[in-house]
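Below: a set of structures, written as structure tokens.
Across the two complexes that follow, chain A remains constant while its partner is chain B and subsequently chain C.
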Partner chain A sequence: MNGGLIQFARGFHATSASAKAKISVVEPVHHLVKYKKWHLKPSMAPFLIPKNSPESHRYRPATTRQDRILEHYNNTIASDLLLITHKHESTNKLGVKTREWSGESPYHINRPAKPPRGNRLVPTQDIKVRTNKNLPVIEKVTVETYDKTCVHAAENYIPVKVMLQQITSTKPTLIYAKKNIPTWNLRRGMVMGAKVELGGRAMTDFLSTLSLIVLPRIKEFKGIKNTSGDGSGNISLGLTAEDIRHFPEIEANGEVWNKLSGCNIIIHTSAQVDPDARTLISGLNLPFTGKEKIPSRV
Partner chain B sequence: MSMNCRQIRLGQALGRISRSYYSTEATSHIPSSTTSSLSTEQGSYVAPSPEQLAESRSKIRAGLILSRTPIVTPEVKPFEESYYNYQQELERRLMWTFPKSFYFKKGSMAEHKFNLAQKKPIQSVKGVFYERGIPDIKLGRERRFKQEVVIPLAEEEGADSGSANGADIDSVARRIMPEPRITEADKSNDVASLSRKLDRTLYLIIKQQKTWKFPSFSLEGDVELLHEAAERGLRQIGGTGMNTWTVSSTPTAVIAGTGSIKEFFIKSHILAGQFSAIKSEIEDFAWLTKEELKEKFDKQYYETLEPVISEQ
Partner chain C sequence: MNKFGLSNFVRPSIFRSHCLGSIKTPTSVSTFVRFARTSAKKKNRGELSASQVRQKNLLSAVSGARKVPRKLDMCVEDLIRHNTVTRAWALYQKEIRDKRAQNLERQYRMIDEACDALKSAGDRNLYNKATKREFGKRFPMELRVPTDTPPKIVWQYEWSPEEKEKK
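Let's turn to the complex of A and B:
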């Protein structure tokens, strides 16, 4: 609200946001963190220790062993990727963006921005000239499971959560319904399933289990569909409940699992367009199939 | 499959790239009146005559940097190893207690075997001095240290079925033994073998006229592209018994030699098979790492290509 384009507009609140109590926990004082009075009691002191310090109760060791996929990326994939995605005499290209309102009228406050020009509703990223500094990397992997039986039996999220924890070795978080859909008996706030966001060693372990053990055992698997992708470098694939059985963690005691659910796996990359993301992911033994559509803005 | 699509797309891109390279080559040799007619910017592209084409193509050579990528992870240095050990100890200390009831049904034989294999923690008794501190036990776990979960081995029932000496190689119950990182080729220093230096990138170099260089070929015909020439030339000197993958049709390096000859290097990986030298074409060949290449190559040649050779 403060310091933005529409600074002149009157804010209809008693205290301005900038007048609230702030504190700096690190030197030099370059940014301030807002706090409430109860944050200052002695029992909250451990929270001031940074999370990456072994002193903190939230500390989790990250580099517990050599990362095989990271080594492969650094030694082989990165230089190949630079060559493959290189375009001769290319220039920076701006993507289409949402259009903010000018702020001339007080009615512009809180009015949602207009969609980009043309028939595209979703903004696209800028495409920069490829250099060794902006090579695409895999940023994170999200594994998510929705179980529609949770609508009738809310406790059904438990096996879903345990399953995700087993195959990813990371604690999942729950997913809640965002809106009411009366025909499905769905109400806002109902638990719908679980998801887990992976990074670092957990992510590369999951990707190598997927590419070396799980996907080769699926008879119908021909490759990730080339139509998959959200247009800004994030590729997703789905596994059915039968496919999940191929994970060694599930297979080891398969009789325990009465009911398994399928899952969506989303591989988030820093590529600006899907073809670059596919090139990167195919370097990790994850093949693609089908006709590839190259966007015109590439 | 996506690679095929990409190859086709890159092939189209190369058409564009090679033409631009070609036009810069051509402009330096063709009279200025012809140069203006070659320029695409003026909207009238006139194809060069066959003589002009052959002359400019004869000044281009397709080099090949064929590599075998690392097969195993690099050797861990002692400092890294101790750091990883420290982090692992911390991770195991912070781990949740093993949920035994989830994996083993209560009262089952499997649970009994698992229980027998576990080491029991020392119980806390009043009035006893404990050297490592007073035990803090919750649900059968010593909470001050990492939990050691011992998996009962199936081999203990019948030692003969899971013998490590490879007596029954087809048995699924056999113990998995890792292969050594140092191979026979490393011991005998066989530079012609692809199974040497498993944790390093190896590059193919050949000896022609008593000089060690990366393979290099001239372009054939009127339409052969750089990467096509490199792939064809490799089969001519090394036979057809190998699978290679050309990374891109874009060259990775260039050497401007004497007499306005330019050598463009195409990058490729060997995926399967062997390079079997054809004696009439080359004197010798070797698969070498970066440090070994430095010894074999001419100093200037090495320094030009050094940035595109992998450290690891």
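Let's turn to the complex of A and C:
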């Protein structure tokens, strides 16, 4: 050992990394794929068939009809968005990040990083140059419903779940409380409602139903609020229980639905800032109202 | 309840798995076994309230078992045919995708070149006005998503939103 030559910061432990004589640089290449021996049984063979093969029991044909909204995006909206969001000779704008300690003192080891500069605790994302490669697209739509009465009667999640499945034609998942909230009599693990995450055809079908049938029939609806948005390109709107009656699947046998509840609709886009997301969503016949506040970093 | 009825051994989990929400389940049995058994049976014999029946019907609508379609029964030739068509379709889609990406890339390059040319032309004021980023842009509400059955008059060129507001 040539321990006398090492001039690193003094560690607290005798076995700190700098003082070690040698370390292995050969990465282990065996057992990269983890498996259990019973996975190799012949009876497990059907589960190895990929989902897109008609031999699989999970097979569902994907492309069975035209996707109007996707074609509209590709034919019309994408090229317009490229022109609208273009800024000549722009550069990447770095967000504010947490600040690491320099490491010159041994007391810096394991010390948590400082929060970002300014009056904020959470780091912000970088805004990259807008090119043809990162055009904003609608990634998914989340429809979620919370029911207060589930606290007292847990079985009230059932009509909520059925309603969401009817209007989105996708199987919903339940939402559970993550922590105790004593003022609402809510405890961890209780059912609060249901949600659906839509993508692909189910998403575009839902959006076209929303923009062509449901929203035009709501008398008070002026448009999605321009203040809506979480700052990173996700826009949300809310529907009341009366608004949901305009969905054709609900309206067809409206007398059956004695109790409906409202829902939140969150449109997740890949836009880096909210103004870009609003421009994109307005291309699907979804109007916006109110004054728009442009963030300082766009 | 134990179907042989001789002991007071009860497995409440069986009852819980069958019941819905707020149905009362027998959780304890008195020492007088026969009497307790009959009374518990009377309470529980298939009588659901109207709301519980509605919940049960609703649950059957979202149950997974009915949504799983039957597995397709295909012979080997059918399977080969299906795989060939699927691969050809995927290839066709990839061609379309690549062409679309090429078009967008060309458009982006041309926009950049036009801006460069404008900058090198020397008129700084003109360049600034032309390349200024406009915020709050919206697609017009009259721009509809195209359908298979478009109207006979596709676009009314004389119409403008200002005229509509006056009326």
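Definition applied: the second predicted complex is superposed on the first by the 230 of 298 C-alpha atoms of A that agree within 3 Å, B and C clash if a C-alpha of one lies under 4 Å from a C-alpha of the other, contacts with A are read in each partner's own complex, and residues count from 1 in each chain.
The criterion applied here is as follows: contacts are C-beta pairs under 8 Å (C-beta built on N, C-alpha and C of every residue); 3 or more make two chains touch, one makes a residue touch a chain.
Here the structure is a predicted model, which means the values were calculated and not measured.
In the superposition on chain A, A:N253 makes contact with chain B only, while chain C stays out of contact range.
By the touch criterion defined above, A:R65 reaches chain B but does not reach chain C.
With both structures placed on the common chain, the touch criterion links A:A153 to chain C but leaves chain B unconnected.
A count of residues in chain A touched by chain B and by chain C gives the higher number to C. In the superposed model, A:T131 makes contact with chain C only, not with chain B. Contacts of A:D80 after superposition: both chain B and chain C are touched. Residue contacts after overlaying the shared chain place A:T279 against chain B and chain C alike. In the superposed model, A:T289 lies in contact with chain B only, and not with chain C.
Common to the chain B and chain C interfaces on chain A are residues 54, 59-60, 63, 66, 68, 71-72, 74, 76, 79-80, 83-84, 86-89, 162, 275, 278-279, 282, 287-288, 292, 294. Of all residues in chain A, only 54, 59-66, 68, 71-72, 74-76, 79-80, 83-84, 86-89, 162, 223, 226, 253, 256, 275, 278-279, 282, 287-292, 294 touch chain B in the complex they form.
Those residues of chain A lying in contact with chain C across their complex are 52, 54-57, 59-60, 63, 66, 68-69, 71-72, 74, 76-80, 82-89, 131-132, 135, 153-155, 158-159, 161-162, 165, 171-172, 208, 275, 278-279, 282-285, 287-288, 292, 294, 298.
By the touch criterion given at the top, residues 20-22, 55, 58-59, 61-62, 64, 67-69, 71-72, 74, 79, 82, 86, 89, 100-101, 103-105, 107-108, 111-112, 115-116, 119, 131, 133-139, 141, 143-148 of chain C touch chain A in their complex.
Chain B makes touch with chain A in their complex at residues 1-3, 5-6, 9-10, 13, 16-17, 20, 69-70, 73-74, 76, 80, 83-84, 87-88, 90-91, 94, 102-103, 201, 247-248, 250, 252, 267, 308, 310, 312.
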